[in-house]
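Report on the structure given below.
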């Protein structure tokens, strides 16, 4: 199994609902350094998992939708606790949509899976992994 | 599959038994930067894998048992070669005990697995992965 | 010249005023990984620059004042653009106050200077350096 | 499941064939920071996955074959697009050969798998994973 | 004294002239992760050292001139040994030109100095520091 | 001003004397990731600060003297508290001796200074800087 990973980041504000979050129930923010990993059993005719330029552009577009925003005000997240875990799934699902829509190139339809990791500090991160 | 990782560290002395260890058969030491990854198929009602505050406290407690000690003198390790691999399993098994005892919260009983990685330098690390 | 550095972090929301900030004029947020460096020409009688435990506690207290807050609502920052540069100075000045108040131990009165670095992502950071 | 990872690096020149590579079709180069991960279900009698000294030597030998070379001129790569993905497989397959030839020690014959990751920058890397 | 740093990278081929370089006299290549640090005694009216967006664009333009090239064929480097040290100076001098030409904004004319660091691997890097 | 840095590491046991060290008064250990920075105003005729191969060998020799040892038993450290700060000075002074003895090459006699940084964990490090 092969994989290729590209890294980007986003800076957002939000608050979390639930006593478990303690002081993070207040409005605060985070930088998420986002690693998107594309997996594939075999390489394409060019010898790659995915066009890394397109993969980086797709990731940039997805994090760009969220960057410099207060997620509490985004209607797309209404009713969602925007935990690191949930945001990792959001980014992964958007990238999966890109792959299926052919935005990562025709070869990307052969991708087997995706992992998205959001690093929120030097001591904590979360991932979401899914098939394609 | 989701995961959440927290990082802490411990500084210990020990010696290793066996010719394969060469100069590391002498009493020496290590800083282990410890990453504990908790895995779960679905998020709980709060939208998380595990209460990250409790997970960090549990990890701190486990590494605190070993920190600033000479493992050669710890009766709990009598007869064990305290290799990086063995210590990764030790930390993972203690965290598994915490999860099963409910110390990570009720939701943590839904965890599917754990991975513990001990980084001993910028060029070497070891992991142990287990189900829960 | 000797130095010792300790690392902690804080997660805040804020907005920046001025066209130069583009989309960062909107309410958003950041994780700042904060490195506080203490400098001193000679070591004390214990062979250290500063009691690293006290230094880490002082840094934790300073970042704790800001953590999980919307800096736009903090009266202490009224009229201040809370840029990474300005926050680096804020943290450095608070640590300087701690050193002068003896909270880092008597020896810390011999410190020559401080540097505080705030890393806001994997591709951008800012520092402020001052004498003591 | 246990794993042990060792890190080394190599600096090479090459060009890539195919429109998808854009400016990387020109002769250019890369530093690859190479992480080789050895996996095994159980530890050996010494409490290790593999003799880490031998594993590091084997990795050094493999990257040494490629280091400070123009891969476009290496007959071993004739007809191969030396993408990061393809090079990760090359390194993994050579390490698999070492393990099977007993160069990592007798115990290494019990290894279950290998992962090789090549980091080409702070924002991109590729991996290849195989069984042993 | 304040500073702001932005990071980018470039991937180049080259060879080095001189016995001291051993195997690096052969045509090979490198990824340089490039950190450009801008220093200034006081912040501008917006509370910043430099417009970080413009600084990042300037750095991208400078590394873009070199990226995916064989420096042995670049007439601008004829007669120059393109060591990591020399390339750090090249990048710093180009950024100084940008600052002086007003490409980093009017405020950037108040910058006091620049440091450019080129990381060529996880175990080696070089810097060049100059006044402005 | 130019600089070049090489990285290596050492794993040692020791105990620290003085109440300020709390639990670190017990025998424990550390991995120190050691960065040695060589500074010079101008490059030599080859376009370098120092022969990086010789610099790396010199650093390896210095950390090799300490590696896999209990510093409490080393007569060279009798009467010395082997704090991170003190060990940074020890390494820097040994490298200075190497430079003066010509072991880094003739050009290294032109070096202006040295900085040695010892990273003891992901959250703490110490440096010592000296002229040559």
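Note that the chains are named A, B, C, D, E and F in the order they appear, and that numbering of residues resets to 1 at the start of each chain.
Going forward, a contact is a pair of C-beta atoms (placed from the backbone, for glycine too) under 8 Å apart; a residue touches a chain by one contact, two chains touch by 3 or more.
Just so it is clear, the model here is predicted, and its values are computed rather than measured.
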Please identify which chain has its centre, taken as the mean of its CA atoms, farthest from the centre of chain D. C
Option reproducing the contacts of A-B, where over half of them reappear, out of A-C, D-E or B-D: B-D
Compare the CA centroid of chain B with every other chain's and tell me the farthest one. E
In whole angstrom, how far does the Cα centroid of chain B sit from the Cα centroid of chain F? 30
What are the residue numbers in chain B that touch two or more other chains? 7, 122-123
Would you pull the chain F residues touching chain E in the complex into a rising list? 1-8, 43, 46-49, 51-53, 56, 105
Taking the touch rule as given, give the residues of chain B at its contact with chain D in the complex, in rising order. 17-18, 20-22, 80-86, 88-89, 122-130
Using the touch definition up top, name the residues of chain F that touch chain B in the complex. 7, 9, 11-14, 23-24, 26-33, 67-70, 120-123
